[in-house]
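Just passing along the structure, written as structure tokens.
Each chain gets a letter, A, B, C, D, E, F, G, H, I and J, in the order it is written, and its residues are counted from 1.
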Amino acid sequence: MDKLAMTDALMAAKLAKGLSWETIGSDLNMSPVWVASACLGMNSAPAEKAKAIAEYLEVGPEVATALEVYPTKVWDQAVPTDPLIYRLYEVVGVYGDTLKQVIQEKFGDGIMSAIDFSMEVDKIEDPKGDRVLLTLNGKFLPYKSW
Amino acid sequence: MDKLAMTDALMAAKLAKGLSWETIGSDLNMSPVWVASACLGMNSAPAEKAKAIAEYLEVGPEVATALEVYPTKVWDQAVPTDPLIYRLYEVVGVYGDTLKQVIQEKFGDGIMSAIDFSMEVDKIEDPKGDRVLLTLNGKFLPYKSW
Amino acid sequence: MDKLAMTDALMAAKLAKGLSWETIGSDLNMSPVWVASACLGMNSAPAEKAKAIAEYLEVGPEVATALEVYPTKVWDQAVPTDPLIYRLYEVVGVYGDTLKQVIQEKFGDGIMSAIDFSMEVDKIEDPKGDRVLLTLNGKFLPYKSW
Amino acid sequence: MDKLAMTDALMAAKLAKGLSWETIGSDLNMSPVWVASACLGMNSAPAEKAKAIAEYLEVGPEVATALEVYPTKVWDQAVPTDPLIYRLYEVVGVYGDTLKQVIQEKFGDGIMSAIDFSMEVDKIEDPKGDRVLLTLNGKFLPYKSW
Amino acid sequence: MDKLAMTDALMAAKLAKGLSWETIGSDLNMSPVWVASACLGMNSAPAEKAKAIAEYLEVGPEVATALEVYPTKVWDQAVPTDPLIYRLYEVVGVYGDTLKQVIQEKFGDGIMSAIDFSMEVDKIEDPKGDRVLLTLNGKFLPYKSW
Amino acid sequence: MDKLAMTDALMAAKLAKGLSWETIGSDLNMSPVWVASACLGMNSAPAEKAKAIAEYLEVGPEVATALEVYPTKVWDQAVPTDPLIYRLYEVVGVYGDTLKQVIQEKFGDGIMSAIDFSMEVDKIEDPKGDRVLLTLNGKFLPYKSW
Amino acid sequence: MDKLAMTDALMAAKLAKGLSWETIGSDLNMSPVWVASACLGMNSAPAEKAKAIAEYLEVGPEVATALEVYPTKVWDQAVPTDPLIYRLYEVVGVYGDTLKQVIQEKFGDGIMSAIDFSMEVDKIEDPKGDRVLLTLNGKFLPYKSW
Amino acid sequence: MDKLAMTDALMAAKLAKGLSWETIGSDLNMSPVWVASACLGMNSAPAEKAKAIAEYLEVGPEVATALEVYPTKVWDQAVPTDPLIYRLYEVVGVYGDTLKQVIQEKFGDGIMSAIDFSMEVDKIEDPKGDRVLLTLNGKFLPYKSW
Amino acid sequence: MDKLAMTDALMAAKLAKGLSWETIGSDLNMSPVWVASACLGMNSAPAEKAKAIAEYLEVGPEVATALEVYPTKVWDQAVPTDPLIYRLYEVVGVYGDTLKQVIQEKFGDGIMSAIDFSMEVDKIEDPKGDRVLLTLNGKFLPYKSW
Amino acid sequence: MDKLAMTDALMAAKLAKGLSWETIGSDLNMSPVWVASACLGMNSAPAEKAKAIAEYLEVGPEVATALEVYPTKVWDQAVPTDPLIYRLYEVVGVYGDTLKQVIQEKFGDGIMSAIDFSMEVDKIEDPKGDRVLLTLNGKFLPYKSW
């Protein structure tokens, strides 16, 4: 079973059970963002987590096996077109140099890891229009000299 | 005075005074990220904030005027090469579809605005390596039908 | 049923009934542009509108369900080739900087939303050749400082 | 005097006099959008209009001559980055096929001209947030067979 | 029946009957270039011409219907590779600025329409090597000011 | 003197004398298109023609020398933006496959040369709008087998 | 039978008979390069040669017919990845301007035809490592003035 | 002295002396192609050859030093536009797969080196039109297994 | 059997037997990197090695035959997206000019061959986090003059 | 002093003193690759190393300061053209998937860091042609789940 078929199986089960990523994450004690990413095939799941997800969604053990596979992460290399994703890309374009200044001033020369990394989505209710809160948390990695 | 000359003047003053974005933001009661972005020419500053920044850094009033100008936001449309900025771009590529799923499940069909938007950088000290915390806060805009 | 199959079903029903977008929109009290966009899969329809469209075109309830799904909006990222669509792209190229000047002078620093947005097509009859009138109506979103 | 120097001269005069495109257009009985486009060098001005603009802004006759020159219209062929211009590009991407359907159903096989074309910007005041109204008016050109 | 199937049906009939575009055009009193373009799916045919082509080539009425459909004109946006087509592209590259100079000097600021347009191919016999004569005929469209 | 300086010198002389490419070509017994192309630096001129052009426009002999230099023909490899040139590019896109069919059916497998090639621009006056007539004349080159 | 199926049939027959392009070319009195190119579908074969190839490889007459068809020559427009082909592309990049200098100095302004063209591959045995000898032979085509 | 200034100095000296690459190569006992390539800055010259070239063209010793520098070989990565260079690129596109077949059948799996490589240009006089003969000579490098 | 089917067969056998590239390479006395590359279809295997691999993994002789076929090496020409592969690409971008300096200073003008080449992967255990050691070994090829 | 001027100053000093990266690295007890990379402006140097390099090469303290600046790492995003650098890029293309397989099999799901990373160049003398040995050493970073 490849990652595509795995995602189809998981999405069908999720839809049939009427579950949200929020609920799944909360019931399994995992982050909703991470669960969604693993189910969409962009992250591998450790064995016990893969098993927990598959059992919770009542799909076969071959889905758990597929969740454990290390994915080749592929996305469209052109500018993204979906407006929600484009806005994130625009943030990187507009604020990229600013973040480089502020982060490196605070931490030294280096980067924020996208591997040793986690991310959350929260909702801030607001009478003038609710707000999306994205929290990105990555280990700082300093460049080394040798 | 165009935005390029403005940035040069502000960066020279900042360097001469030995100030960090952190300190400037804190002293002026503005976000360090927003101050850096305005000084780098990617956001316009309202008149009173432009004046405050110019006076604080002791640069001429023509710099304040340049800070008020509405910028044409331009960045390199190819994949960014600087490793710090690339990692942010990678996050959008790896987690773009996941964020679309999780945000739209939580808020309905729509986007997180990159205009009615703010962002912060924090440092989480950690003996195994400090961590960078980025917080993105954007208004949710629902699609309308008509 | 995915968006592609949904569009096929809706287009076949529309053709069989000999209806135009104009008539459909007028009978359902919706904009012809918005109905066409929802049926082509580039906008989601609120539940009651999805139901109304499906019933009017006498297609099954699974089509109404598909109309409600939030689409991932994808288009060809290269320069469009169809002459009608290219002319619109050319308008953005030729008049983009002009519109930035005129809109921001009138409204301040910010953008015209493409999310809180509607659009209409009208025909102006003219003995020297009929004219197409496109009306775009989007909320102005000011940049914020923080 | 080339178009670049012409634009510099016109923008400096406009700024010095504190005029908006709105006022200039209204005083000269021309559309603000068209005046801005001609002054930015993306459209040529007929002789008498070129003279009127130059006299009104009190710039030399060589500016009027430059306004008459037929421009080579050049813009960046990659996806535009400035958020205001990108949103217009996004509208073409999201609604391009829809507009093709609706226009050709109404007018037959052909295009909306971007040459025999005009455009206006209006402001609709609204307590929930002002709205931008763009009106595009282009001659319909039917394809011919031969 | 879509345009692809239509082209297949028409090409098979043309091959079976051993006809050239020259003969088809001449027998039907249409331009060979236009007939070929309509049969290849890059132009729509008015009803009576669609019917005439289908009857002449003895294909079913669904082919005539398909000929009437307004096509979405799509071609490969990269530099063309086929040597015959590349040479035409090279002519546009080498002579584009020259044609702009000569046409606009003769007609004023504007363009040659590619919509109100026709084209012919002729053969000039020559003992040193026959020559291809392409004739392009397009309406001149002047830019308007407003 | 490089080609850029040569073009500047020739264009200045042409403007000062109030000459059109039409008149220059007619007086020198050369095609206006070819003269324009040589003066814009996209074709080299044989020695006697280079001399004739330079003497007619009363520019120095170094301009004649520059006209003789074999140019490196360079143009922007992206899709052209100027509307007049884009329409020519669109013609190649829309009619490329059609021309391949019609030309190769008439002449055999091969191409129309863009080197052993000439081109003319004519004006057809028409009360419904003047028309541009472009005539391309290229030697047919058959592929060889060996 | 299209060119793809034709190539499959010819390659299968060649493999089954254990023949090399060298032997086929030598037995049929054609160049191995040209035979390979025709069999791979990048050149059309004159009728008698098509017949000879098909009979020699003992494939059906529909393969001979397919060999006669004029191909649309298509290749990947990005930089080639296969190392053997890339090295040829690198030669064009490194030596392109040099060849332009040396050829045009020797022949005048013009090009080496890629249509009236042939090419051979030879092996030079050498104890320090055999060498590949490629010989390209193309007609010189001078630019014309008119 | 960088490579650009070096090329300018060498080209000026060559022009002043009225020399061709043919003559230079023949007098210095070097290949005209290699000399041109070294003078254009795309190959480095061994010390004694650099000295010989500089003395022959009577330019200063700093030019000889510049000829010895190892160049960074850079060329435009898009499809070349100059017709002479494009035809070479077209040859690689049309015949790339064919050459791979014929060379690897003759030599085994591997490539023709573009480093241990030489190239010549010859003229074949022909009453029907002279022909260009390009000879490429590269060491065959077999892939290794390990 | 083409390379794709070959890879599928080999990967299935490897998975079924629970073997790693490390073990396969060690048992067959081949480098794990080379075995993986041959099984993934990016290198051809000499006959005896192809036979050894097929027998060891107990797949049919048609797999051995497919392993011997000279591959056309194709990869995605855009910037790689998978993070592991991107990091290698980043190393080439960041250190490319540095390696050119250091290698050419040490060896003279020339390149490191990617054909006469081998590569190994080793693991260095480290309490602060294990390290990956990549060793690339390629023959130096000096440029020649001629 | 920006990084460009810094590199010019350092390269001039190195040339004047006749030093190699090898010698500099060895005398300063730093890796030649790292020193070259820092001097070319692609890595920042810690303060004491920056000072040591500047003193050793006898350049002013403003060069040491420039060496400490955190660089924005920029390189050409298209396929590299210089043959030495292209071969490294080819290695990533040919062996990228192989390395992903072998590394992740050995270490688990994750990447080799290009930040916590070092690299060396060595020469292996060989009578059949010297060999380049590149050693890349990067920390393994496992993906985390959360």
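In this section, a residue touches a chain if its C-beta (ideal position, glycine included) is under 8 Å from a C-beta of that chain, and two chains touch if they have at least 3 such contacts.
Given the structure is predicted, the values throughout are model-derived calculations rather than measurements.
Engineer: So which chains are sitting against chain E and chain H at once?
Structural biologist: F, G
Engineer: Please name the chain that ends up farthest from chain A once chain centres are defined by their CA atoms averaged.
Structural biologist: So the farthest one, by centre of C-alpha atoms, is F.
Engineer: Considering chain B as a copy of chain I, what rotation angle in degrees (nearest 5) results from a C-alpha superposition of the former onto the latter?
Structural biologist: 180
Engineer: Please compute the C-alpha centroid of chain H, do the same for chain I, then give the distance between them in whole Å.
Structural biologist: Taking the mean C-alpha position of each chain, the two centres sit 32 Å apart.
Engineer: Provide the C-alpha centroid distance between chain C and chain D, rounded to the nearest whole angstrom.
Structural biologist: That gives a centre separation of 23 Å.
Engineer: Out of chain C, which residues touch more than one other chain, so two or more?
Structural biologist: Each of 43, 72-73, 75, 77, 79, 81-83, 90, 93-94, 97, 100, 104, 110-111, 113-117, 141 in chain C touches at least two other chains.
Engineer: Who touches whom among the chains?
Structural biologist: Touching chain pairs, listed by label, come out as A-B, A-C, A-D, A-I, A-J, B-C, B-D, B-I, B-J, C-D, C-E, C-F, D-E, D-F, E-F, E-G, E-H, F-G, F-H, G-H, G-I, G-J, H-I, H-J, I-J.
Engineer: Where on chain A does chain C make contact in their complex?
Structural biologist: 78-79, 81-83
Engineer: What residues of chain B sit close enough to touch chain I in their complex?
Structural biologist: Per the touch definition, chain B meets chain I at residues 79, 81, 83, 86, 90, 93-94.
Engineer: Going by the contact rule at the top, pick out the chain B residues touching chain C in the complex.
Structural biologist: Interface residues on the chain B side: 30-31, 34, 38, 43-46, 49, 70, 72, 97, 100, 104, 108-111, 113, 115-118, 141-146.
Engineer: Which stretch or stretches of chain H touch chain J in the complex?
Structural biologist: These residues of chain H touch chain J: 72-75, 77, 114-115.
Engineer: What does chain A use to touch chain B in their complex?
Structural biologist: Per the stated touch rule, the residues are 20-22, 32-33, 36-37, 40, 42-43, 73, 75, 77, 79-80, 82-85, 87-107, 110-114, 116-117, 119, 121, 123-124, 126, 129-141.
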